[in-house]
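One chain, chain A, appears in both complexes that follow, with chain B as partner in the first and chain C in the second.
Here is the complex of A and B:
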């Protein structure tokens, strides 16, 4: 889902920056109240882990590969705001240091992957964990990445409506919702399995090795 | 202050470049950026090219195919989008080379705190990730099988997870011992 700069209209990315900035400020205030001395280095470390997890291409049947996001993991281990800010940070560092993604697509990815993904993962886990924790973790990972993909597909798919040149050709991303939704959702149905497995395995690993974080919540 | 101003100019330039759809204007802007980049031109050009070539090729080829089938004009869009995307990416790398991002984003001390800690660990992790990739490459002659790749990835995830947990403990202790938490 790494979209370079230039495909999103300013009519979309400027308002989304406004929404993101509000959410970043609110999230930062919430985190400042909540984080203790151990949690800040832990968030930073988990952000670095999330970054490297995004780089890893997991081979899938059929010769394709998938990149996971670790958003669900951050959301269920911490909360929505910690996950949203960490993922935003990863996306920002990825965009400005390594040229993956862009500065105009940052709010699209931050809201789609970071915020929507975290909200979906957090509430899926919260609802299903009363029944079966492992299923809840897997569902949180699978659903969060798929709903995020849907949100980004919608943003990309509305770009042809944002303006056309005199000869009728598009000015930004050229394909509509009928192309972007299946193009993003179909592979993510499979990628979600990788995300779900990663969420289960890593959460259980953290519960065993870093239990104090869970006790303090 | 200089870094914050640079970042503001960059933000304004991004809005201008994405709001004007004149090919000559964008081409002129790109030439100005090439001149300003000076001795770093080749380095920035190569970085920007490799950052966009994959995504842009897919979009350009798909759009070209659809337009040829439907009989729509395609040349203007393909030139416009590739020019704009390349210009914005080149400009991004140009700014990164000249601005200290940690200073530019120092409006929040907590955010700077997390950014510095995360940024430094990311750079270390990226280097280790590259070492892992080279290690795999040097140990296989043919393309590795899917099962071997899954084993390789599992080991790598476990390593990074352990390292993240240990790093966070070390950083916490280091910060506590230096009085960061006011104990």
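Here is the complex of A and C:
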């Protein structure tokens, strides 16, 4: 799901850099007030977990691969801003050091996967946990990765409208929404199941083993 | 005259027998798979022995030594997983496989274990290091 460099028009990524920078600054201010020395090892561990989760490619029918993100886990264990900043850090390291995802596309990936994913997971969990916690956790994982995939698909799918060369060929990502939406959503409907299970299992484990994280919130 | 013809026939017939011991050669260009061996400091793994095993074979398809620049070439005769063992007398070596596809071209190489997981370890190190610094910062602030 990480979009590489060259796929997105500057008309899109420059404004998104502005929005991301604002959200990063706001998020840092928010978590600075909440974060304390005891919480840092937990945030570090789950950020590291998120990084590893994104590096493991899961084979899917049809020969393609996808990966879970654990964004929902970060959002439900901590909050939207901690999750957004942690995922942004993971995406930055992936882009700068390993070439997974791009530098110009960092805000697209950070907003799509990190911000939208965290917001969806956090509010899904908050709404459904009053009814049944396990279902809420699974839904948070499943929905967050699918809504993120949809957001990325929309950004990719509008790129043919952003610029064409003299011969009429698209300058950036060449496929429209009718291709990008099914191409991203269909595999993520399956991957979402993995993301949901991961969110439930790891959350329950943390709740049982490290209950202090939840008391500090 | 008969003796001369007989002698000529005898010489010609024995000469053809000698041809079977005469090594011939052909020179041609071909697409080969080139394997390059080197140490981490980029020094070459020169003149070291190797064995190459064709898919499902126990007897080596090819044995030899790397060249001065630490290279070996392979011209496979079939597709499948080929095993390469290379070793020096001081115990350095590798044992890995490559996948040869249709048209006998390189399809996939089995990466060394460290190369497969290096990115994960480096990334983890950076993330945990950054949070370690953040923890020290908070400790200093609290004290």
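Miscellaneous remarks
By our rule, the second predicted complex is superposed on the first by the 208 of 217 C-alpha atoms of A that agree within 3 Å, B and C clash if a C-alpha of one lies under 4 Å from a C-alpha of the other, contacts with A are read in each partner's own complex, and residues count from 1 in each chain.
The rule is short, and it goes like this: a contact is a pair of C-beta atoms (placed from the backbone, for glycine too) under 8 Å apart; a residue touches a chain by one contact, two chains touch by 3 or more.
Computed from a predicted structure; not experimentally measured.
Once the complexes are laid over each other on chain A, chain B and chain C cannot both fit and instead clash. After overlaying the two complexes on the shared chain, residue contacts for A:55 are found with chain B and with chain C alike.
By the touch criterion defined above, A:198 reaches chain B but does not reach chain C. Looking at the shared chain after the overlay, A:93 reaches both chain B and chain C. Of the two partner chains, chain B is the only one touched by A:165; chain C is not. In the superposition on chain A, contact is made by A:40 with both chain B and chain C. The partner that reaches more residues of chain A, of the two candidates chain B and chain C, is B. Of the two partner chains placed by superposition, only chain B is touched by A:14; chain C is not.
Common to the chain B and chain C contact sets on chain A are residues 37, 40-41, 43-44, 47-48, 51-52, 55, 89-90, 93, 97. Residue ranges of chain A in contact with chain B, taken from their complex: 2-10, 13-14, 28, 31-32, 37-38, 40-49, 51-53, 55-56, 58-59, 61, 85-86, 89-90, 93, 95-97, 99-100, 102-104, 163, 165, 167-175, 198, 201-202, 205-206, 209-210. Within the complex formed with chain A, the chain C residues making contact are 119-120, 122-124, 126-128, 130-132, 134-135, 138-139, 142. Interface residues of chain B, counted against chain A in their complex, comprise 10-11, 14-15, 17-19, 21, 47-48, 50-52, 55-56, 59, 62-63, 72-74, 76-77, 80-81, 84-85, 87-89, 92-93, 96, 101, 108, 110-111, 113-115, 117-119, 121-122, 124-126, 129, 146, 149-150, 153, 156-158, 160-162, 164-165, 167-169, 171-172, 175-176, 180-181. Chain contact summary for the complex, chain A toward chain C: residues 35-37, 40-41, 43-44, 47-48, 51-52, 55, 89-90, 93-94, 97-98.
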